[in-house]
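Heads up, the thing below is written out as structure tokens.
In order of appearance the chains are A, B, C, D and E, and numbering begins at 1 in each one.
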Amino acid sequence: MNFEPKIVGFCCNWCSYRGADLAGTARMKCSPNVRIIRVMCSGRVEPTFVVKAFELGADGVLVLGCHAGDCHYSEGNYKTMRRMPLLKKMLAQMGIEEERVRLDWVSASEGDRFVSIVDDMTAKVRALGPFKNNSKEAKHG
Amino acid sequence: MAEKKVATKKDTEPKIGVYVCHCGSNIAGTVDVPQVVEFAKGLPAVAIAREYKFMCSDPGQSMIKDDIKQLGLNRVVVASCSPLLHEPTFRHAIQEAGLNPYLFEMANIREHCSWTTEDHGEATEKAKALVSAAVKRIYLHQPLEVREVPVNPNTLIVGGGIAGIQAALEIADAGHKVYLVEKDPSIGGHMIQFDKTFPTLDCSACILTPKMTSAGSHPNIELMTYSEVEEIAGFIGSFKAKIRKKAKFVDESKCNGCGVCIEKCPWKADSEFDLGLSQRKAIYTPFPQAVPNIPVIDKESCAYFLKGKCRACEKFCEREAIDFEQQDKIVEIDVGNIIITTGYDPFDPTPIIKYGYGKFPNVVTGLEFERICNSVGPTGGKIVLKDGSEPKSIAIIHCVGSRDENYHKYCSRVCCMYALKYSHLIKEKTKADVYQMYIDMRCFGKGYEEFYQRLSDEGVTFIRGKPAEVTDRAISEEEKGKLIVVGEDSLLGTVIRVPVDMVILCIALEARADAKNVAQLFSISQGADAFFIERHPKLDPVATMTDGVFIAGCCQGPKDIPDTVAQASAAAARVLALISKGKVELEATVAVIDEEKCSGCRICNLLCPYNAIDFIEEEEVSRINDALCKGCGTCVAACPSAAITHKHFTTEEIMAEIEGVLV
Amino acid sequence: MAKLKLALYWASSCGGCEIAQLQIGDKILKLAEVADIVFWPVAIDAKYKDVEAMPEKSIDVCLFNGAIRTSEQEHMAKMLREKSKVLIAYGACAYGGGIPGLGNMFNRELIFERAYLETPSTDNKEKVLPQTKCKVPEGELTLPEFYDTVKTLGQTVDIDYVIPGCPPEARTTWLALEALIEGKLPPKGTVITHNAKAVCDDCPKKRDVKKVKKFYRTFEIMPDPEICLLEQGLLCAGIATRGGCEAPCPQANMPCTGCYGPVDGVIDQGAHFLSAVASVIDSNDPDEIQRIIDGIYDPVGTFYRYSLPDSLLRRAKIK
Amino acid sequence: MEIATPMKETTDIILEKGGNPLELCYQCGLCTGVCPWNRLTSFTLRKLIHKSQLGVVDFEDEELWRCVGCNACVDRCPRDVEIPHIMRALRRVIIEVGAGIVPHSLRISEKNISAVGNPLGEPPEKRMDWAKDLGVKTFTKGTEILYFPCCYQTYDPPAQKTALATIDILKKAAVDFGIPDNNVVCCGESIRKAGAESLFQRLAKTNIDIFAELGVKKILVTSPHCYHTFKDEYPELGANYEVIHLSQYLADLIKDGRIKLTKELNKKVTYHDSCCLGRYQGIYDEHREILNSIPGLDFVEMPEMREYSLCCGGCAGRLWMESKKGERLSELRLEQVLEVGANTLAISCPYCMANFNDGVISMDKAGVLEVKDISELVAEAL
Amino acid sequence: MASVRSHESIELLTYSEVIEVSGYVGNFKVKIRKKPRYVDEIKCTGCGTCQEKCPMKADSEFDFGIGKRKVIYTPFPQAVPNIPVIDRERCTYFIKGKCRACEKFCEAKAIDFEQTEKIIDLDVGCIIVTTGFDSFDPTPISQFGYGRYDNVITGFQFERMSSASGPTGGKIVLKDGSEPRSLAILHCIGSRDLNYHEYCSRVCCMSSLKFAHLIREKIPDAEIYDLYIDLRCFGKGYEEFYNRLQEEGVNFIRGRAGEVTDIAETPEEIGRLVVLCEDTLIGRQRRLPVDMVILSNALEPRADAGEVAKLFSISRSKDGFFMEKHPKLDPVATTTDGVFVAGCCQGPKDIPDTVAQASAAAARVMAMISKGSVEIEAATAIIEEEFCSGCKTCIALCPYNAISFNEERKVSAINEALCKGCGTCAAACPSGAIISRHFTTEQIMAQLEGVLT
């Protein structure tokens, strides 16, 4: 069987989750690989969650928030905009491919954008292959 | 240190019911529902898993309610459509069955699954993952209470200009008490300084004075002039405000506003109201129609306070209202809501040296010109030069301090129109030629373009281009003794020199000098331009990030009178809605700080968009005001000590959910 | 009352912990009054077989410092666990992997290459690398296996307590010893320090709300000694590190490096530290944010200086 | 860079001479955008207006004589600025105040009109010679219609054909009409646009007096310019007439069956809308009805037609001035005529006729294309 | 929108129109016609299957005709309520008597072809009219070729085109599906133009800038021309946005376009649209060859504004928008007490101003509600019926429509709740039957006598 990546998606309640809903309402076809966890604001997404997802065997993590300036909580998404790049920089240092973590913005009316981000990410992660969490089994190298 | 997990204390072991909806064929057409149900049955703590055609229908809901009662379920997962659609429905249902509504979780297997996935196998797998995530997460759910706080029906309005007056009247007319605080001796603000208003050319005082009077005499409005807010505590519904009533040295209860004291006072000072173009007495009301019509003594210019003698006013006051012993008073009031209408400051063009303001006596600002034009102003409404003669030509320079990276980037919104208004007043009162130097004519309001056209017809000359300088260095005979405005006429493509007698600078509106203090006092934010920031520029233009604090008028950004009035009424509407509801519901899914863990590092303090996090200096910990918290979770994600918990979205819950989706 | 039997062991660490244990000063006399040291390779001549010979749970307390890098260390950890009633991870290496734990950024091959071939001072023309076995004229020699990945003591065996620090402050060591002596041991799993809160709580510097426009390395600026170092752009880990040390580094105007490990409840010290640092970047412009982030050199070394093996990901992915 | 200083006095003079629409202009530049001159040369109408607003007009500039008042701009102006009025005012300042120089060729025409009542300088006593042998009666009191041919149609042989054809048609339809005697003078429309206001006033008064004496109520014209001035400008002086352009009258005659077009004309014809009749008066349909009712005639439209018609460049005195080769709108228009493959260009204005006839010759298309007044085509088809 | 639907205090009547209003402030009676949807609102779950299955298509009104919708449709995916309606005019079943595909596939059995219109009577105290605007149809400005050239579109059409959920899925494309390389945005189409609307539509400058930005974002190397007269960027953050657009390399040309033509003069112009304009800052005419022209068209009063005005007794200003009581001091009230206006039905405005005005109107209503009663002018006019001859002179004079004629008694009657006491009727009554209380003829006469002593 071909490798199908598992991707954890974090969506904020106000924009991106609604955008994902709209993709459904509009019956757009979309890769099933991204499983969404709803948080109130993308600002709630701790780097720990991303790392935890990898630890638990995710092959990629997608974080979606409102577009800059549209945050329901005024500027929660700006905090995410600061955290994710630093996290990505660190993960890169740890040898984790850049494509496995993605931060993007989807508004409530952008069902199509949601789909294209999900499809694009799925394809890229699929191409990378499974994420080997080589820490646990790496007991004796 | 193997065990880091904090054990979650639960009163009873979770007993979870899982309900998978077919949604007709919307879900069942793609997802193998029975398989999902079987899968759910195998998940930890799941007591029962069922399927039904339409879970949201009445029979579907009854199924859940019955199971809660009969099987003693204490947590419910419904796998159906988007929670944005039916979460309220099911929360309501389990509440009816006696469960806390927060002990509910929804798995979105329609929008996020059956509708976007074609392959049945994939869809079923994804549905399972989503159900497993919901089950893992709900295991950790805790009951939450929605709290309500009562709303004090009294309202504090800060700033007695047109915005404050309008909002005050709006609320007072609805039968609620308003405290209107104004720092000057009279309400009226900038609008009362104006002569006419554009584009209807109504007399500004004529339309404002009735409002001022009704604000002054309204039984529900307590006017606190010559007063300033010193301190604010509390939150929406119950603010406590400390207000300093500055000493007027005149007993308000005795004074009948006869004006004898003013007449008799031998001391003069520059009139603030006339921008220094005229003089007032040391005991004064700023202008004749002042509300309240009670004078104040200006300590700085009163001979008694300066030299210890005079007291002329006291001698002549028949009502014995003068009281030199008066002290500032601190008044404490309780209010439920606050509206800030502190207005703007006119931009001081002195730093723009090239325009010669301050150097050439006949270069005046727009606001000064308003006073010159005003029939009760320093010149009795005559448009005259400093030497008393009538100008033969006047140049009006737009965008002074606006649309200028060196001063204010923004457009001040009203200058084009007041410049047109000046042209009209000049044409009406003198024979002078008028030159308008503009960049773009911004006549956007109702009747504005028509006004522009009317002015064109009155023979005003429009020159497109921002002048480079105003000079008195003549290069020809005609220019001698005149002010020459030099700039490019960008439509002609040449430099143009316009010799005039008077130059009016259309100065920008800028945030008040003390805007920063006000912002801090009321926990509201300022934009880069120093004006206060509204909660959402489109959809919530009068609210601020602090619940219960609203803004209206030019303190939010430059605007004209109709827009100010509309905004003031809008703020009043928001306040009235809160008052008539009588209570506010507080968010249940808030963040809380465990003070045992907080090291007071203050990382979280600035992250909160609602200023809900206070740093308690004495205890060196941060604390969240749960009446202000909206539950976004940004602070939780940032806390390096994991001292903050986001109720209903705890780290453990989300971790469990991550584990769930990755089955 | 019988004297306590105390063991001390040194695994993958620098030896600083051994010295730190002596730092308790004259209190060591008090310790000697109540305890006998039965095993302490650095100070007492005792052989493995002596330990092997001890009955199970015959040692009352074992202070074990250093991470688990080799098969020998693993073996000793397991043995000491067996022989000890109370096993304490002593110091940052035993607790979170410590500095040796940063070796998890590489694997065995890379480390050997660097250590035995690449370093300028190395003279190894034959390119000999350590082998577990090797034949010499005298017979076969063995070496412990060098593992690919560093693990913490806690990941190797069950531990009872942690005394954190690189090395632990004398007061922290004594806090634990005192509890032992007095028999007032806290619940199992406790990280023994004077302060459950972060270092900031110990730190006397003035703290305000935080906004950072640029991060500096320590040699780049001379910070104001009165003000919180993070506010001045130094990556001080005090916010994300358990206190109790009395903040000696920040007090000396050096940023905290995080040796006391995370505060209770924090799942991953580095991720939390990173999140907090990123949160206070004072910009909403993606490009500017990137520029500010570019000023952070070696994020892993910064955020996981002492805890990489104990982090959720434990090690880097080596292609 | 040159430096300008607003001269309010100059602006005042322009305003006094009727330039007041300039106050309304908000300088959007639409007029320059649509001005046909810009296809050939650069002519910034908007800037000229702005200079007038500031009183910094260079009265020596030839540009002042460029605008022919085709109204393409006025039609679309968002503030309804009557730009030709501004142009007229500027020219009045030149002529009446002497602020600049009147182009030589225009001055000759002006002199002619002033001296002999027609721009061609022909003797006034020969004005009606063209009709000598036609047996047409001179208008007297009680005659229903006064047929007033334009100066060109009375003196200029190619244009005369229009008048002759008109008489032919009117006779066949048995219309009660008369022609004026030799005392009438040029209607004055163009010379007024060229700025000679007092001359216009004199001409108009002459004609008005004559018409009054004869009791003229209904005037039939074959020039759109006469039409415009009689209908819209003479009323300023208190004279009101029912003015009909021949095209309107012909359309009615055909509709009512008073004339029958029977002869086949095997021509491929396109029609050029004159500005003065089109954009000024909105008369578009009649010509097309007439042409379409001529048997055998193949009528084609040019892309730029009706309100988009390209001006011939002959009005407002421009006919009398020299335009350089390559700067002639008429030639641009003739290229469009040739593009649609027509062999006959129908017009209904004597200026258009003069301009296009010149153009046909200068472009060397004499055998390929003929220019005919619509009356000629109708007369041929009778 | 969703909170409007779920709010317990809001009853949403979509697909409905007000047909009659009577009464006065505090006591209005309103008749509403609820048009048949042919879908049972209670049963429908909004699943959308019916729309999917419906075989017939029509031009989408929501997409300004550049997209299609089904005959059973919700105007857009996020519609509230999410309940479709059947377009009777185009439904095969209604036209030919067969099809009923939607009915067949509806599992909730919500389709009801027998539904008829319903008249609902409501009693309300106050009315807020927020009927909005129409977008100006630029067809009459024939020189811009709207309707003639495929790639000349209005700003509103561009909005839909650029919307992710719009007909092209957010792609900016020409009619032939290709991407435009150059675009011109023409400001003030139908605004600031005496030939159409004299007023400025207030929002077009900013929406044009927004269009330019969206184009820049989606087609980074496109050549964009913005043809303006004055850039009216007056709101908060607007000027800053303009600066940003300048930095993004949009070509701003000050000049109103004269014409859009497809007549090419140079090879480069062949097959493209050419915008003729003067660049007034250079002082020369320019020809801009572009692939697409966007007309930033005006906001104009709704076509039915006249009827609505009559229905609610509100007046309209010269430009056709509803007139407020006082432009400065009472911008949401109308001359009829209890009827308020908000939003673009009162004049063009942007979203923040609309929201502020809407809240203002709500404030006025709430003030009335929380007071519970309205004070009625005491100094009103009354008619002494015995003297009234029923001549009806007074009826048309009343600016508040307070006078009605009692057909049975043949006398006029004044509704005191509507009368404002202006006295016009009293002055006009030929038989002296109307008494303007507090300003009676006697009182005024006496006063006259007094001032003349």
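In the analysis below, a residue touches a chain if its C-beta (ideal position, glycine included) is under 8 Å from a C-beta of that chain, and two chains touch if they have at least 3 such contacts.
Computed from a predicted structure; not experimentally measured.
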Among the other chains, which touch chain C and chain E together? A, B
Suppose you hop from chain D to any chain it touches, then on again the same way; how many hops at least until you reach chain E? 1
Taking CA centroids for every chain, report which one is farthest away from chain E. C
Most distant chain from chain D by Cα centroid: C
Roughly how far is chain A from chain E, centre to centre by C-alpha average, rounded to an integer in Å? 42
Chain centre separation in whole Å, for chain D relative to chain C (CA means): 101
Between chain B and chain D, centroid-to-centroid distance (C-alpha), Å: 64
Interchain centroid distance [CA atoms averaged], chain B/chain E, Å: 28
Where does chain D touch two or more other chains at once, residue-wise? 26-27, 46-47, 79
Any chance you could list the residues of chain E touching two or more other chains? 192, 280, 283
If I count partner chains per residue in chain A, which residues reach a count of at least 2? 25, 27, 46-48, 52, 75, 79, 83
So the touching chain pairs work out to A-B, A-C, A-E, B-C, B-D, B-E, D-E
Applying the document's contact rule, which stretches of chain E touch chain A when the two form their complex? 48, 52, 77-78, 163-165, 169-170
Name, in rising order, each residue of chain E that touches chain B in their complex. 2, 6, 45, 47, 49, 107-108, 191-192, 198-200, 202, 230-240, 243, 280-283, 317, 321, 326-332, 346-347, 351-353, 355-364, 366-371
Sites on chain C touched by chain A in the complex: 104-105, 107-108, 145, 147-149, 151, 267-268, 270-272, 274-275, 277-279, 281, 283-284, 286, 289-290, 293, 296, 298-300, 303, 311-319
The chain D residues in contact with chain B across the complex are 1-6, 8, 11, 15, 23-27, 46-47, 50-51, 53-54, 56, 79
Which bits of chain C are touching chain B when the two form their complex? 89, 95, 154, 158-159, 162, 189, 191, 196-201, 207-211, 228, 230, 238-240, 243, 261-267, 272-273, 275-276, 279-280
